Amino acid sequence: MEKKDLSTRISLVKPGKVLIRGYDLIKLLDKVSFGDMIYLLFTEKLPKKNEGRMIEAILVCSAEHGLATPSTNVVRSVASCGVPLQASVAAGIISLGDFHGGAIEHCAKMLQENVQLVQEKGVERAASEIVTRYRETRKRIMGYGHGIHQPEDPRKVKLFQLAEQYDVAGDHMRLADALGAAMKNILQKSLPLNVDGAIGAIISDMGIDWRYGKAFFFLGRAAGLTAHAYEYMVKESPMRRVYTWDEVNYVGPEEREISE
Amino acid sequence: MEKKDLSTRISLVKPGKVLIRGYDLIKLLDKVSFGDMIYLLFTEKLPKKNEGRMIEAILVCSAEHGLATPSTNVVRSVASCGVPLQASVAAGIISLGDFHGGAIEHCAKMLQENVQLVQEKGVERAASEIVTRYRETRKRIMGYGHGIHQPEDPRKVKLFQLAEQYDVAGDHMRLADALGAAMKNILQKSLPLNVDGAIGAIISDMGIDWRYGKAFFFLGRAAGLTAHAYEYMVKESPMRRVYTWDEVNYVGPEEREISE
Amino acid sequence: MEKKDLSTRISLVKPGKVLIRGYDLIKLLDKVSFGDMIYLLFTEKLPKKNEGRMIEAILVCSAEHGLATPSTNVVRSVASCGVPLQASVAAGIISLGDFHGGAIEHCAKMLQENVQLVQEKGVERAASEIVTRYRETRKRIMGYGHGIHQPEDPRKVKLFQLAEQYDVAGDHMRLADALGAAMKNILQKSLPLNVDGAIGAIISDMGIDWRYGKAFFFLGRAAGLTAHAYEYMVKESPMRRVYTWDEVNYVGPEEREISE
Amino acid sequence: MEKKDLSTRISLVKPGKVLIRGYDLIKLLDKVSFGDMIYLLFTEKLPKKNEGRMIEAILVCSAEHGLATPSTNVVRSVASCGVPLQASVAAGIISLGDFHGGAIEHCAKMLQENVQLVQEKGVERAASEIVTRYRETRKRIMGYGHGIHQPEDPRKVKLFQLAEQYDVAGDHMRLADALGAAMKNILQKSLPLNVDGAIGAIISDMGIDWRYGKAFFFLGRAAGLTAHAYEYMVKESPMRRVYTWDEVNYVGPEEREISE
């Protein structure tokens, strides 16, 4: 058991030498971008096309989305309590769960499990079948619609343009768009692909396993969360209270006595 | 209090529009690297020189350093227990404390607080004074020496070369090197600047507050930790036990009875 | 949305006064045990019988289980890196996922969803039906069998005895035992109820929602994890390396060059 | 190094047997409270007097303090994002830093480092000296004063009464009270001992190392945080936004163009 546990394909470290997936770290330092490095770490290959540039654009896109998001609220509260920077940011990252960026993973999984239908039946019929199947099993297709950015999420539009320009676009992206159209036809609802769904589709076309999906959000967002932690720490007002005791609306039992 | 708490200089989000430090996120997507974005988020400015490229090199350098580090051990253990990807990686990030990458912050702070001595007295005399002062107060200068990479950490050498090449090198880096030489002279110990100290010096020369220091480690390392979490999750052997019950060396009290 | 978000049934705090579920905290201090308090926080009622004593026994039982568990490995590694006590313990708690104590929740859910069968058909027939149904859908019943404690987990035996003695035992516990017997008959496997399953059954008989299941593990285990963090912190050997670089078994690509 | 790392005085686990600090876990289950167990885990001794009851009272006291605290804000936000229960509670625990319960540790440290003065000079002179010394070095004595509970924190009053009643009170508690009086005399400020300071003093009189201080807060508060996570999870409104995008007050740079 131990032996297996100490086995890794990721890196080799010995005195004076660090190999990452077989490449010398020192040689990588000025040859690859951080996006290339993520692609290498996740797929064991250096990019052949512009996958690294595409990942960089995704990270830039994910880096920050304002103060009114749960993760930012979390980080600012933790940072106000006298906690080291890395622990404050980690608390925010924990919050990036199923309902906060989780659609990347879910959408990528759905696309990767169904993409072969595009070749078999054409993209439109594939999309109709999937939407119908999801409707019948009363499941929701993740990665569509947005609370704030309407009618369309501008980040999705630009990321898809870049994917074309960088020549990484493929069937997953085509299927993702077709699913939005199919939902409009079949469900009579306008739910265009959002930024989460867009990232899920693009990483799928770059051959990245859906299980990595959330990472393309949290690796980028960690930068914005760090800026929020710092902003709060240098303000130096300890114990951030988002609201005060008299704003809380207690709706539990009236005061009562302990019966002996 | 609330009003202040809801104030931020970082970003503005409204329907169809996201501004980061004043710049339209959509326009940034294909114009800046993730390194540029971090520089913008942390300093409120876009790079004038190659600061973004330098940050990218630092992130690549920090991304991974093998299985035998505490944070990797943490991530692989947590990921083996049936925990979402982001929470596994967050647990690893928590461990990047004072003794695991913390030297970046401490070294940057020391350099930023003493760099004016370089102009006043020359770099060698500045370094001698600082080493002498630390010796007298029995404090240790952080960011020097390395457990594995000897005599010199190759990551430090390459990062400093790149900083020269990218034209971001300055007095902090010169002082950092001079401190290593001064320690050799005064303390009779060979403690060359290591990768943590190098990063602390370079970000200082790029005008970045030392309080951000640890971020240049954890924003990069998060990528490597994600690869380790994934590697362990797909192996699917739940409940990783690094050692078995019979390898533990119990040195506590002998079995004893509860006295009534 | 905001209004709802600021509503709570748990507690009311104002100057000089703290009500927990309607009871004055000051009056609770010497009247209730921590087990009673947990019962009150989770169910909005003070115990009528010995539910508080039973919860105390569960917490004592969960508090510690040796150095060779993933969560302990995590806590000792994090604590060695210069991280505050609460953050080290929190990292360990993150690891208490689906495969590390998660069976409490899963077993309690299964019991709560099926317990009405006991009244309808008798406990043995109920158990046979459930085992057969799980076998047909190739799902595993959680909370049975143990890697180390065989043939039977002594913690399960004692907790069930106490539940009888404290008069909190009921149909969930009877069903839980009957399922072990049914698995032996039908699957020809000896998988007696383990400590996780036992806790899941007992809290179900005390009327506690299965969604709280994992808490009966982590609220107790947090005490043991704290002792491990402390033990490591006072040893003062920074950067715990469970294994050294030369013990790692690199099985990835051979050293290779970056093709331009 | 490995050997040392695998040594522990806390527990021994082997098939069918669990010893905690030398005591058989099965025998402990109905003999000790969770408070006794914490005392055993932290000090290697079972209580001789009422230390376990005192710890239970401290845990009850710490368990919950309303919705308007940073840690509760954190837990409710994380729990709204589709994150497992233990990870939501862990994020809240991370926030229990230097400014949120941290005074327990700081106050206990100060008392343990100065308590010998009580025997040497009497409690009043000891207190005067300490206050004067802190004033001269411009440091603040932690654990005094409270934002909401004034003039006196009722939790402190009751905990001190119980400590007398349970016969665990001693010089640390006397010194803690005398310091409040001395601050009033010397600094002309009314800063009575608060609940954090009270806990710090009581655990010191029970012989517990100040490094454990924060644990007496987070082991209790974890129960309240769990109730908040649950309350939010069953409400099922994903992505809790404490405020909306149009409530955020952006004070950063005006919209600007990227200069090429």
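Brief remarks follow.
Each chain carries a letter (A, B, C and D) given by its place in the written order, and its residues are counted from 1.
Definition applied: a contact is a pair of C-beta atoms (placed from the backbone, for glycine too) under 8 Å apart; a residue touches a chain by one contact, two chains touch by 3 or more.
This one's a predicted model, so the numbers in the text were calculated from it and none came from an experiment.
Touching chain A and chain B together: C, D. Taken over every residue number at the interface, the positions common to chain A and chain D amount to over half, indicating a same-residue contact.
Relative to chain C, the most remote chain by averaged C-alpha coordinates is B.
Centre-to-centre separation between chain C and chain D, using Cα means, comes to 23 Å. The geometric centre of chain B is 35 Å away from that of chain C, both derived from CA atoms. Centroid to centroid, with C-alpha atoms defining each point, chain A and chain C lie 30 Å apart.
Shared contact sites, meaning residues of chain A that touch two or more other chains, fall at 6, 8-14, 28, 32, 66-68, 83-84, 87, 90-91, 94, 96-98, 148, 240-245, 247-248. Interface residues of chain B, counted against chain C in their complex, comprise 66-71, 73-74, 77-78, 80-83, 87-88, 90-91, 94-100, 102, 147-148, 238-245, 247-248.
On the chain B side of its complex with chain D, the touching residues are 3, 6-14, 19, 21-24, 27-28, 31-32, 44, 46, 83-84, 87, 94, 243, 245-259.
Across the complex, chain B meets chain A through its residues 1-2, 4-6, 8-18, 20, 25-26, 28-30, 32-35, 37-38, 41-42, 56-57, 59-61, 63-68, 76, 84-87, 89-91, 93-94, 96-98, 105, 148-150, 154-155, 158-159, 162, 165, 209, 211-212, 214-215, 218-220, 222-224, 226-228, 230-231, 233-235, 237, 240-244.
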